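Look at the two complexes coming up: chain A is in both, with chain B in one and chain C in the other.
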Partner chain A sequence: MSMQAAEQLINGLILGAMYALVASGLSLIWGSLKMLNFAHGEFYMLGGYMVFMAFTIMGMHPLIALIFTMVSVFLMGAILQHLLIRPLVDKPGWDVSHIVITLGISIFLQNFAHRVWGENFQNVPYFFNGTSTIFGLGISHQRILILVVTVLVIFLLITFLKKSRAGWALRATAQDRDAATLYGVDVQKVYMWTMGLSAALAALSAAMLAPIYSVNPWMGNAVLTKGFIVCVLGGLGSLEGAILGGILLATAESLGVLFWSSEWKDVVSFALLIIVLWIRPSGLFGTKEW
Partner chain B sequence: MLQVESISVSYGDVQVLYNVTVEVKKGEIVTLLGSNGAGKTTTLKAISGLMRAKSGKLTYGVLDLQTIPAYQLVSRGIVMVPEGRRLFPNMTVYENLLMGAYHREARPGINGNMDRVTEMFPKIKERLRQMAGTLSGGEQQMLAIGRALMSNPKLLMLDEPSLGLAPNLVEQIFETIKDINRKQDVTVLLVEQNANMALQIANRGYVMENGKIVLSGNSKDLLNNDQVRKVYLGL
Partner chain C sequence: MVHDIKTRVAQNVSLFANGPWLSRSVVLFLLAAPLLAPDPYIVHILTLSLMYAVLAGSWNLLCGYAGIFSFGHQVFFGIGAYVSAIMAMRMGTSPWLGLLIGGGAAALISVVVALPCLRLRAAPYIAIATLGMAEISRVVAQNLVGLTRGELGLWGIPGLSDIALPLAGTISFTHNRIAYYYVMFVLFLLITGAIYWLIKSPFGIALKSIRESQDAAESLGVNVALYKIMVFIISAFFAGVVGSFYAHYILILTPSSVLSISVVVEIITITLIGGLGIIWGPIAGAFILTFSLEYLRFMGDYRLLIYGAILIMIILFMPEGFVRRIFPKRKLD
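On to the complex of A and B.
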């Protein structure tokens, strides 16, 4: 039992790392643009297909394939922001129009993927084979890779936000857009880069999970819901909230499997959300900007 | 230096400025007076590009301000301290000051400016690592002015810097503004409700009512004007 619990805990951590990546992307977009991005799941899905193309079809080295995936989905996010969302920012009706446009992008991308890659589930082989035994637990190298890469990326993301000029511009825009403009920040450019970054984070998480699950045009749906739950759980717009909320949610889900069957996973996560919101309506870390 | 020639501005269908004309010459302190909702803040927003005038002309030196995106004005020396300070609350005091020097032209002078600002506001210096949102009102106003000075302003626009501050702090802020103008050679456009204090440091003033300029002149003349004395000075 305790061995099984420890194994589930590790699985929870790994899944939590992925939730954290997806949710921090949503959180960045909410923080800066005040936009609920319903197309976020599709950037995740595109990440899956990009790694499928790069690794399975073209046979690139796994790390090159990951970088290729992030860069290509970054560009897709930035271009879609520039072409389709930017014209609506600051216009009357933004509260509704941002939902309509991102839902539209989401439906378009799902059907685009369906048309291009078909409805078959595509498999991506493990990047690295083999298993290591750590404290008596067998953990596959793929899972270790996920954990290491996620921790590294989250560390880089926080360093970027706190230490780089671009990161300051992003935070300043999120905290006070007009003041950022007055001090020389081109906020439209910030929005474009933020959207790209957010999409790339989702794509990275999909790319690393692709060998464990499989790739299909609708894989973004469930992830989007989970991403929103994590964001609300941690406090909408809070980056720490997205990271810790993701880990908390996934751990609870994984441990829940020990007591109930795995179909009850979503019940556990929604119950956790309801309890947290009941006690702390603004989420664990409150709604604040970084 | 700055010429605002009969601009009109609307929020949607509601017109809030009617043919407003304001001139600021190099080296001056000019104040824009008026009660709440008179259009003072809107005038500043139109100059800084946060709002666009639907008619009229805005020129700064030889530049037509209407053709320049708002975010590029700071590198030309037009810097605004907005109403309510508008600091970045979850950034540290130090980061807020650095944001003042965000634009390319201010970067080379960043260390000198930082020394100058922290020397001017010793209270700010003690709190560099603190989040800006945790400062008191007076400290926030000093930080807002400090952030603006980090941008190497040529024309500094301040929107109600005395709002919500205790009387002794108000005096200190006005002294600071005067110093910035005299010692650092910065032209100042000051929006105020505190007409008495503003006219004491300003060279000239404009009085706004319902989106129009109704009166203008030297500070001395305005201080002695019956209408101003009655409505704005309560004498």
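On to the complex of A and C.
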């Protein structure tokens, strides 16, 4: 039992790292654009297909495949933001129109992927084979890689936001758009970069998870709802909240499976979401803006 | 004398332009439609259009008038459908009574859905909370296999039972799409009429004041929480009635067909195509979307791709919807 629990805990931690990546992208978008990105799951899905194309079909080196995936999905995110979202941003009705436009993009991209790659589940092989035994627990190298890459990326992301000028511009925009404009921040450019960055983060987590789960056009749906739950738990717009919320949710889910059957897992996480929204709408770290 | 005639003509013209002639002719057209085109397939599409018009209309009451951007309207539709179907199958309740029971069940559930939304103001927060509720209901319906048969589908639901009407005699609903159409037509008139009456009443004015500014409404003595719960209950009741009709018309239910996000996406698309916060909006939207999707059937798998594209185009180029675009000057309710 305790071995099983420990194994579940480690798997939960790895899954949590992925939730954290997806949710931090959603949180960045919410922070700067005040937008719930319903198409975020589709960037995740496109990331899965990009790594499938680069790694499985074209046989690129895993590292190059990862970079290719992130860059291509970054561009997709930035272009979509520039063409479709920019005309609506900050206009009257934005708090409803952003939901509709991202829903439209989501439906479009899902069915686009369905047309291009078909409905079959596509498999991506492990980047590295083999397992290591740590404290008597067998963990595959792929999972270790996921943990390492995620920690690294989150560290880089925080450094970028705290230390670089672009990161300052992003945070300034999130805090007060008008003031940021007055200080010479090109807000529209920040929006575009944020969207690209958030799409690339989703794509990275999909690429890392693709060998464990398979790739299909609808893989983004479950991830999107999980991402929303994590964001609300941590407080929308809070990066630290997204990271801690991701680990919290995944740990709760993995340990929960030990106590109740896995079909009811989602009910528990959604119930958690609603209770948090009800009692503390600002989440664990969020600001008061609900 | 000439002057008199002139003013009379002018009065009549303005009455013609501003009066409810359009509403009347649309209702007359809908009344005659199955007789003009008695093809079962077209009657089926007309019935679905009316159904979606009412369903989207009930969402429009919530979002367009009260400003509560609910993402969980499929819960009310689905609960209405499942409760009525299961009651009819297990206890032999009449499907006619089921229409009311389905609506009542949805209204009960709506209180639970409304509670977390009372403190939330921003549309995105409400959207997430209601989406969470909807996903819970879908997973529950999928997992309670003993009651709902899960994704295998609840089949063998009885259709509407025969009724005897004065003048018309006994009407059988077996393989009689035209009879179903007229039931939906009556529901459409009753529910749309009720919504119109509501938004014209002081209740509706209070709702609109909440939509415009919750703080201002509160400061003027509007009990915001009470009104929000009430509009949820009313809207859910209507959606539940439509859900129950759907169950006894389509005769098979699966959680993914009545409780999935795609239902509310369809509702939102319909309302936006027609126009949010306009009584005619969901009606126009339902007919435009349902008929154009049927027309696009030959495009097979590309349909949903186009569906996504429509949603994007509408919000980019015509966010006010068709109805307002056609009547830009008129004051629309």
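Definition applied: the second predicted complex is superposed on the first by the 280 of 290 C-alpha atoms of A that agree within 3 Å, B and C clash if a C-alpha of one lies under 4 Å from a C-alpha of the other, contacts with A are read in each partner's own complex, and residues count from 1 in each chain.
Going forward, a contact is a pair of C-beta atoms (placed from the backbone, for glycine too) under 8 Å apart; a residue touches a chain by one contact, two chains touch by 3 or more.
Computed from a predicted structure; not experimentally measured.
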Are chain B and chain C a fit on chain A, or do they clash, once the structures share the same frame? fit
Partner touching more residues of chain A, whether chain B or chain C: C
Considering only touches as defined above, state whether A:His141 meets chain B (first), chain C (second), both or neither. neither
Touched partner set for A:Leu236, first chain B, second chain C, both or neither: second
Between chain B (first) and chain C (second), which, if any, makes contact with A:Trp168: first, second, both or neither? first
Mind working out whether A:Asp186 is in touch with chain B, chain C, both or neither, as first, second, both or neither? first
After the two structures are overlaid on chain A, angle v-u-w for chain B, chain A, chain C in degrees (C-alpha centres, nearest 10): 90
Between chain B (first) and chain C (second), which does A:Val267 come into contact with in this model arrangement: first, second, both, or neither? second
Quick check for you: in the superposed arrangement, does A:Arg86 touch first (chain B), second (chain C), both or neither? neither
According to the stated criteria, A:Asp178 is in contact with first (chain B), second (chain C), both, or neither; which is it? first
Just chain B (first), just chain C (second), both, or neither: which does A:Phe228 touch? second
Three-chain overlay, closest Cα atoms of chain B and chain C, distance in Å: 15
Chain C-contacting residues of chain A that also contact chain B: 289-290
In their shared complex, at which residues does chain A touch chain C? 30, 34-36, 84, 87-88, 93, 95-97, 99-101, 103-112, 114-115, 221, 225, 228-229, 232, 236, 263-264, 266-267, 270-271, 273-274, 277-278, 281, 289-290
Applying the document's contact rule, which stretches of chain C touch chain A when the two form their complex? 63, 69, 71, 115-116, 119-125, 127-129, 131-133, 135-136, 139-140, 142-143, 261, 265, 268, 272, 276, 301-302, 304-305, 307-312, 314-316, 319
Mind listing the chain B positions that touch chain A in their complex? 48-50, 69-75, 79-80, 82, 86-91, 95, 98-100, 102-103, 147, 151
Considering only the defined contacts, which chain A positions touch chain B in the complex? 165, 168-169, 171-172, 175-176, 178-187, 288-290
